[in-house]
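Single-structure report; data block below.
Labels run A, B, C and D following the written order; every chain starts at residue 1.
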């Protein structure tokens, strides 16, 4: 269980998203409001953005966000028009090191997962070991359910190369629906290709983690589209994403909410 | 590529093996003499021993051994009659974090690998993903060739439960012989169950890393049986393990050298 | 603000103090009950014990105790008849690294401080820079109020070499009383020489942090003397140390409670 | 003993200085050519640049540069027209943690020191503890000779507020000349205020570490002014800074070489 924050809009310094809001991810690391299965998000953090050729860049730190000696200076020095940020609450058995720290990224995509899959090692991981192409399996570096979910999405993407980001999330959830039995699976997922972002709020056999969006948070510039596990500022400018919905952000559109 | 040191004999403090010898692992971390494919062993270190019920205990640190603030005090405070110690030189692509730091251990066994498997991700890892039982695959936490080798040994052990430690190493090398093509595979392996230790010096398609043993190093107590990648003290009391041999240490025997 | 636990008695494994009790320091790291100025103790931890020649040995880790990959195996593998253990909640401005992680130790003494000194840099640190002998100042490696308090105690010890441990704590508090103005100073201090332990509960211009002791906790062997910021087990076997008191543990006595 | 690299010129990505050159700092960390008192620079690294209001920003990492999971992505994502970069070889007694990792910076200045002061704790540190204003002493967070040298420079700057950067380095060396006896002191220093850079090559009672500069390295843009402990590329475009000289870089001038 973790917390995420996503920004698409005019270029801003990272700190505007990560540390300055009243209920920033920095604050949510030790004082989250709506975390169900944990008390803290103190097992590392990270963020991703895209370079001028639209390739992902990423920073990860395996200790609590507040303990990072570089937090405030990188947050002041890095600017982008798209941010994907993550604070981690590690699930049992998934060690606190950088191979297990989100966001994950490949050459084109950035992925984040807020949630967990119950008895992952004995159910979904085993099934994915059967089905995933070996090439994709060999790219896995850690052992989290989240990294395997991203591997699943890359496999689905290779099979359906023209899928939009919301399509990929939908296919991922469909695969999970087919392969889960009665294990709980909390699956708030977010995916970006540098131009757009899709994020879903969904769970099987349990309630989904909280998820919100806003285009009216006055602490961000006009044109900002925001997604976060918990409202970053005054709650009245944020809207709850309903369960089993996908939110789709594009530069030239207002946020689009789709049912799954 | 890495360096290892192993001790079986009367109880000694860890420092007698790890830091005090003239050419200790601490020294070999920055000034190894016989390392072929690297210049340093500065990518972490670790050691393992066994508790009174013969269960492995282990310490790992993902930074250089000399940078560990706890090195000298733990090395003074921990004593055992069996030590398996390791300093790491990471191969490209295998990140510097504790999930990739040796020794590895399960409930009964401790394992160390000094060497590497060329193009591992595209050959042996793919084949192991085909063959290893999923239960054993799900125990893998990092992404090194070494951890997969240990998974292979555990699988072989489950299939041949009465195998001795040298038998398990032999079976592992036989499996590799069958599945390798012309990739280089440097496979100095060491395995212990708390009572005995087996270590082999072997490579496919290349020379094996250096390996030595001694029962006469005057800095260790009578009855000491030692194995190390490089002699820990004056070389004349150490013997080179010939290539393609296994060394077998037991409490009640002198070291036994077997051809593979 | 932090939490401490101290044990004197028959030899026990570290885990009996650190991780096994129902309200162990591991639990208090993320769920303390009586912490006033913080919500967590997730800024590192450490413990100290003594070797056969009565010299301190120490382990420190600058990340949360639960994130230490070596926590459980060292806690099982290390045994002693005297333990000083600490979990840290860093005060603002005192970085999360091992030079700032307690316990501190010199050749003969182990020291822990639970509390903080308000506006330390602008008052007490400046005054100590005037008064401490330069030799003692040059032994300081980090920048915490706690490390300066230990330097003060070493200076007092050099001036009054026959002082008992409670005397040293008393002298330290007297020095503070003389030099503090109206700054808050929370000063739960603990000091050990390997044979005995003194711990005080005291504050200037505020309430002191919580502190308890027990000789009847049924999860520890007969003869155990325990001190902890919060009861480690069922509260009815633990007694609150009154404010402005020193508790003195010796091997051959029952705990002695003295007024300051 | 360490290695440094400095860039002033048209805006470039950090990687152009830190990782791409044939003999980059990344390479010099494990294969330096002219390091005298050490074999490696594997005890951390860091870099500094300036924001639009000319305030220093800084990144530090206490492990080897090659072990940083964020090295290549930050080096690609950060751009500036002024870079100060550092790889560390720790002197005995100065722990491997971020409070001891260079560059150091205050609100206006960035400082780097390549060298060491013999018996620092027993000579210069003691004298500085006498002379430095307490306010400046309380800003010290670690225990390296380098951090005390920067404190000395800040004190000199407060006493001579109109001094140029070369003047401050000269005053620092004069103070050292007055206070050193026959201890070796290797003092390659570099100082920047965001607009200009001064770097000196000097030692007392020993030879100074190597230092070079270039304005003609073809891998950098026209207008680049470079300083480095070892030439970053083909040596013929780099010039040795003579001992006891200061090099002064300004945006609107060619590099100026002054005798001390």
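One rule holds in what follows: a contact is a pair of C-beta atoms (placed from the backbone, for glycine too) under 8 Å apart; a residue touches a chain by one contact, two chains touch by 3 or more.
What you see is a predicted model, and the numbers here were worked out from it, not measured in a lab.
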Chain pair, A-D or A-B, that carries the greater number of C-beta contacts: A-B
Over-half contact-pair match to B-D, picked out of the listed pairs C-D, A-C or B-C: A-C
Chain centre separation (chain A, chain B; CA means) in Å: 38
Sites on chain D at which at least two other chains make contact: 62, 69, 95, 98
Parts of chain A lying in touch with chain D, wherever the complex brings them together: 49, 51, 57-61, 69-70, 73-74, 76-78, 98
Chain B-facing residues of chain D, complex: 30-31, 39-40, 42-43, 62-64, 67, 69, 90, 95-96
Touch list for chain D against partner chain C, complex: 62, 95, 97-100, 121-122, 125-126, 129-130, 134-135, 137-138, 140-143
